[in-house]
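Have a look at these structures, which come just after this line.
Look for chain A in each of the two complexes below; its partner is chain B in the first and chain C in the second.
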Partner chain A sequence: MDRLLTETFWIASISGGLRLATPLIYASIGETFSQRAGVLNIGLEGYMIVGSLTSLYVAVETGTLIGLLAGGIAGMLMALLMVALSVRLSANQVVVGFALTTLGIGLTGFVFRETTPTPQDARRVSRLSEIDIPGLSDVPFLGDAIFGNNWISWMGFALVPIAWWCSARTTFGLQVRAVGEDPDAAAARGVPVVRVRSLACLLSGFLGGVGGGALMLGQVGQFQPFLTANRGFIALIVIIMASWSVWGAAVGAFVFGFFEAFSSNLRNVVSGDVPTEALNAIPFLVALTILIIGARRARMPRGLGVNYVADR
Partner chain B sequence: MADEPVVAETHDDVELEASGLERATIGASTSILAVLGALIVGGVILLVSGDSPFSAYGAMLDGAFGSKFAIGETLARSAPLVIVGAGAAVALRAGMVTIGAQGQVIVGAIGALLTAKLFDGAPSGLAIPAAAIGGALFGAAWALVPALLRAYLGVNEILSTLLFTEFAALLIEYLLNGPLKPPAAITPQSDAYPDNGVLGLVIDGTRFHIGVLVAPAVLLGLWWWIRSTVGFRYDLYGENPRLAESLGIPGRRVVLNSLLISGAAAGVVGWIQAAGLLQRLYLEIASEIGFFGLVVAFLGAARPAGILAASLLFGALQSGGLAMQSSEGIPASLSDVIQALILLGFAVRYAPQIASLLRRAARSFRLVPDRSSRASGSTPAAGSARGR
Partner chain C sequence: MPSGVPPITGDPPVLEARGISRRFGAVQALADVDFTLRAGEIHALVGENGAGKSTLAKIVAGVLRADSGEMALFGEPYAPGSRREGAARGVAHIRQQLSLVRGLTVAENLQLGRPNASALFNARAARAEVTRLSDELGLAVPAATIVDDLPLAVRQQAEILIGVAWGARALILDEPSSALGPVETDALIRLCQRLRAEGTPIIYISHRLPELAQLADRLTILRQGRVVLAGEDVRQADLARIAELMIGDLSLLRVERPQTVRGEVRLSAQGLGAHLDHGVGLDGVSFTVGGGEIVGVVGVAGNGQEALAEVLTGVRRPTRGHVVVDGVDVTGSSRKAIAAGMAHLHEDRATGLAHGFTLADNAIARRIGDRGFARLGVRLPGPVGAHVRELAGRFEVRPPEPSAIAGALSGGNQQKLMAARELERDPAVLVAAGPTKGLDPHAARAMRDRCFAVAERGGAVVVISADLDEVRELAHRVVVLSGGRVTDEFAIEDMTSGRLGAAMAGMARPRPRPRPGAGRGAGAGTGGAPRADHHG
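Coming up: the complex of A and B.
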């Protein structure tokens, strides 16, 4: 157990946690906007996986930034289906969401296998280097634990206050909350309900796709079918725990990421004594716990999951 | 907002005024349209990737219906979908959306194998039903915690059952790499299923095993359920929980039992996969049955005939897709794409009906129970009427 108390163990868990949290931060922030507007994207998993494959294929031809943006645009195109079918045509949000998850996993699996006849043909990107913050990165412990991230992670962290500001201080943010709480009242006040909901849903698609891109370009660097492994659903759990707050979503994403890194580091410490599978269950047990806590205290947008249809 | 197209509502009005026969005709023709549309989009994807849609679909059709073996394969793939779909339908009708079947199939298979080992040497007449019950109980047990959490704490069952699927995947990974793994095996797997519990083949030279025949029995069960008094109570609760509770129907018990029934159904699937199809446990024993079982329940509007039709369609697409992959070299993921597109088509085609069926599930779509609207006095019915 002495090995558990080493500085390197905790540095690895915290820095790994921040890295693993990055895709969840992007995805959950976008989805927070969408859910606050009343649109539930069960298809977030689909946006993420399409974003991850697209970002890889574009990044190997161009560069990381363009790849990341392409991932976002691909996710947004998936969300466009959600907008067309659910926000506009009032098709059930959960059913369309499940379909988009399946579609995303199926499409990416198809494209990956068609373009990868042999394992040698698999496209790869190399790991991004960390960006040092002068001064801070040299602080003992914290420097390595918190300030050694690649730029995709830094951008994700920077997005949190920006998203909070947009949500709390702009007209768009206010409209988003209004159409999610009470679309009828919002419409009566002249808020274009369907347009605001569509924009928020597209934002979720874009940031979900960027999140998939962050997973690909910032972490794994190589595609495999079902790469996202339910991270889209984890983002949905994080949002409940956060009670639809942007800051809370970022914290929740870090909590899950931390325990993912923690359990994988623990593997080296207790190797042989505890089955690996039990350690791998830790982050999901944490997710279950935060889901339960979230359900106890959550205050959800009142119009969530209910399509808006204008009065005849 | 006057310029918003409200196709769904128009559709709804048409169907409300239509007679039964007209409604069936509308239903059948729009379903066929949805399937055709999905196949056309799939064809475009094939064209873009440089494959011939005709040879691809030809290979699919051949792999789904072209021979005795192919038909057996389609049936063997449809049966689990029917059973999981029927279980999911019971939950859907009570207003619950569970995607935990995946994990419940895995745990049901483990339960069936363990029970069968316990009854090793007993007469088959005893060992087979025992394993079936073992599978069902294990499946239901895997649904118990999410069901309790939903009934007593209002924890969203979509997400909790998803997490339990993760746990089930880790559990079988552990068992098949350790305690259940035969010493000689290289890849993760269990011992062969005990002979006295094996479900034999109905037709030799195919994988059409006796377990497939459980599917029609389960459908009959669902048919009976929908018409029974208990089933009616559960429907009523799904349709309007407040009314149901004011009539003395205990909501918590409905939530709990409907999720346990769906878990048991998935557990039975674990049993037929372990005892019939594979006769051994593998990591991939549930493949994607749990997920597509729910999809089939959506497509079939939680009714027996609809579930049967949707399961046969998806079973054919899956067995055809794999055959296409081996003969034409086109990835079987295309089947997933087509199935997803069909569901999208149905989501629109069914927008009014699915919404009315799942209006019951409105509370589930909401990730947690809606305390605020209750507090402010607006009824759930008024809220969900907007969702049609």
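Coming up: the complex of A and C.
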């Protein structure tokens, strides 16, 4: 058990946590906007997995950045279905969301199998290297734990204050919150409810797709069916944990990532003594605890999940 | 207090509307209406429910378009296509249903929808602006509090404040006091006077006359979509005559009431008091209703009718007083009231019925556990279906299909379904709030006949309604409610526009005493001895 206390163990848990948090940060920030606008994307998992496969296939032909953007666009196309069916045609958001998740997982699995006749044909990208920040990267402990990230992660971290600013300091951010809280009153004040909701939902699709791309290009580098392994749903949990705050979502994503890395490192430490399944459950137990504690003060957008139909 | 008649200068009026007409389906809501708002005045727009006041307000604000007619704002042609456009031209429309977005703060609401708002939101500047205006207007509107946490009156002030901040050059307040208590109403009046003093003219829609006498400079009365009095100086006007004009001609009284005998007192309201968080409660309301008698409770909407219906049926516990049905005290208990034979036709069919439930569920809701309908807690569909079919046939509910969803029925059939549920067994007392409201003539007639039938079988009927025609056709006796008090009480034959208007305007008469020669002892007022005499 002494090995638990080693510096390497904690460095690995924190840096691994930041890496694992990156896809969740992208996905949960986009989805925070969408949910604040009243649109619940249960299909986030679907956006992410479509984004991950697309980003891989585009990145091997072009480059990482274009691959990442392509992943975002693929996720946005999925979200376009959500916009068409739920935001415009008022289909139940949960039902359409689950359909999009199933569609995303099935579609990517199918495309992958059809384009990969033998394991040798599988497309791969190599792992991105960490960006060396002069000075900071050399600080003992922190340098390796916090400042050893690739550019996709850094971009994700930078997105957090930008997203907060957009939400709190722009009229669009106000409109997003207004249509999620009280769409009828917002409409009476001249806010184009359906347009704002559509944009927020598309943003969730885009950032969900980018999140899938971040998972692919920044971490695994190779596709397998159901690669995302419920990360879309985890992002949804993170948002509730964070009470629909952008900063909170980033912190929540890190907490999740950290405990995932922690439990996987713990596996090496306590191998054989504790069943793997029990270790895998650690992040979820932590999330559950936070949810139970946080639920008391959580105030969800009043119009979340409720489709808006104009009176006149 | 208002200071003098506004000056008539050579400047164009703030708003001038000429020949405004608007039709909704078969209803002519406004017919050739002229209206002028002058600089520096509070212009009251009054009329009964459905007179067209709100329609005119919406047209001026840009929410609705007129079918014909034209408007000018400060002498320039004005035809707003939306509320937003109206706001951009300087017309702020404060509706009965406030339009602040919940979940946001007042400062955020200030920014949202603001004409020519920048794409960036400067939260600090917005908060400072709210605080500054709040001070200037003598209000206490907190800038950074979420709207949900503000009392209704403060929300209304916030909305007026936002209108001013957006650069309103004219305000329309549509029944701003309808949900306010007396203290809040006084504050609103002071705010309006202050705005006028600072040069913002106001169109003030209300039907509470005492308030208008205190506040308004000029007054325009609409009745059935037409102007019956245009821009009269309020200080020279006679309130009773205004009330009379609002009501219209009462001489067209057609009495079709069946003859009934007033039996013993079956319902007695004794000194009822009630407090509502928003709106007018009750303040010492007493009256009795005898078997076979139909009493109409009239008054302009929002003068305690809602509280009265709730207290009589036991839904709301009064702060004082008692409700007695056939000698049994049922105060504050709907269960006791129902057991004593109370039936209630709810004013709002959406509340009076379970909309998502079937016709059968609704029809037997009062006796859901009756033997014969259920065994061991399990519904017996056969007997229930047969009973509901029979009941639906008897009350002419169409379709008489037990599995039909109540919410899918037409308004008239929903009302009949509610009547079937409530009147299936002859009730001792029927409290009917607006029983024919919104019904087509045929359905309205059916509902009237139901009320008559209850009376003919010896039940006591209370009809609470803001619709005078409805009361005129139903009631033997009238109780006038104003500001939560009974201001007058008389036999239907004694109802004149003048007397009714005065009572509705809140001018209390001395408590009515039995008058010699009044056909039916108007003085059943305060629980007089039971007696029986003939109705005409």
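Keep in mind that, in the parts below, the second predicted complex is superposed on the first by the 311 of 312 C-alpha atoms of A that agree within 3 Å, B and C clash if a C-alpha of one lies under 4 Å from a C-alpha of the other, contacts with A are read in each partner's own complex, and residues count from 1 in each chain.
By definition in this document, a contact is a pair of C-beta atoms (placed from the backbone, for glycine too) under 8 Å apart; a residue touches a chain by one contact, two chains touch by 3 or more.
Worth saying up front: this structure is predicted, and the values here are computed from it rather than measured.
Shared-chain residue A:Gly272: touches no atom of chain B or chain C. Comparing chain B with chain C, the partner in contact with more residues of chain A is B.
Using the contact criterion defined above for the overlaid structures, shared-chain residue A:Gly109 touches chain B, although it does not reach chain C. In the superposed model, A:Pro119 lies in contact with neither chain B nor chain C. Look at A:Arg302: by the touch rule set out above, it reaches both chain B and chain C. Residue contacts after overlaying the shared chain place A:Pro134 against neither chain B nor chain C.
Once both structures are placed on chain A, chain A residues 302 are touched by chain B and, in the other complex, by chain C.
Against chain A, the residues of chain B that register as touching in their complex are 1-2, 4-9, 45, 49, 97, 99, 149, 153-156, 158-160, 162-163, 166-167, 170-171, 173-174, 177-178, 291, 294-295, 298, 330-331, 333-337, 339-341, 343-344, 346-348, 350-351, 354-355, 358, 361-362, 364-368, 370, 372-373, 383-384, 386-388. On chain A, the positions that touch chain B within their shared complex are 40, 42, 81, 85-86, 88-96, 98-100, 102-103, 105-107, 109-111, 113-114, 183-184, 187, 192-194, 225, 230, 233, 236-237, 240, 275, 277-278, 280-281, 284, 287-288, 291-292, 294-296, 298-300, 302-312. Chain C makes touch with chain A in their complex at residues 82-84, 87, 98-104, 108-109, 111-113, 117-123.
Residues of chain A that touch chain C in their complex: 168-175, 177-178, 180-182, 185-186, 188-191, 301-302.
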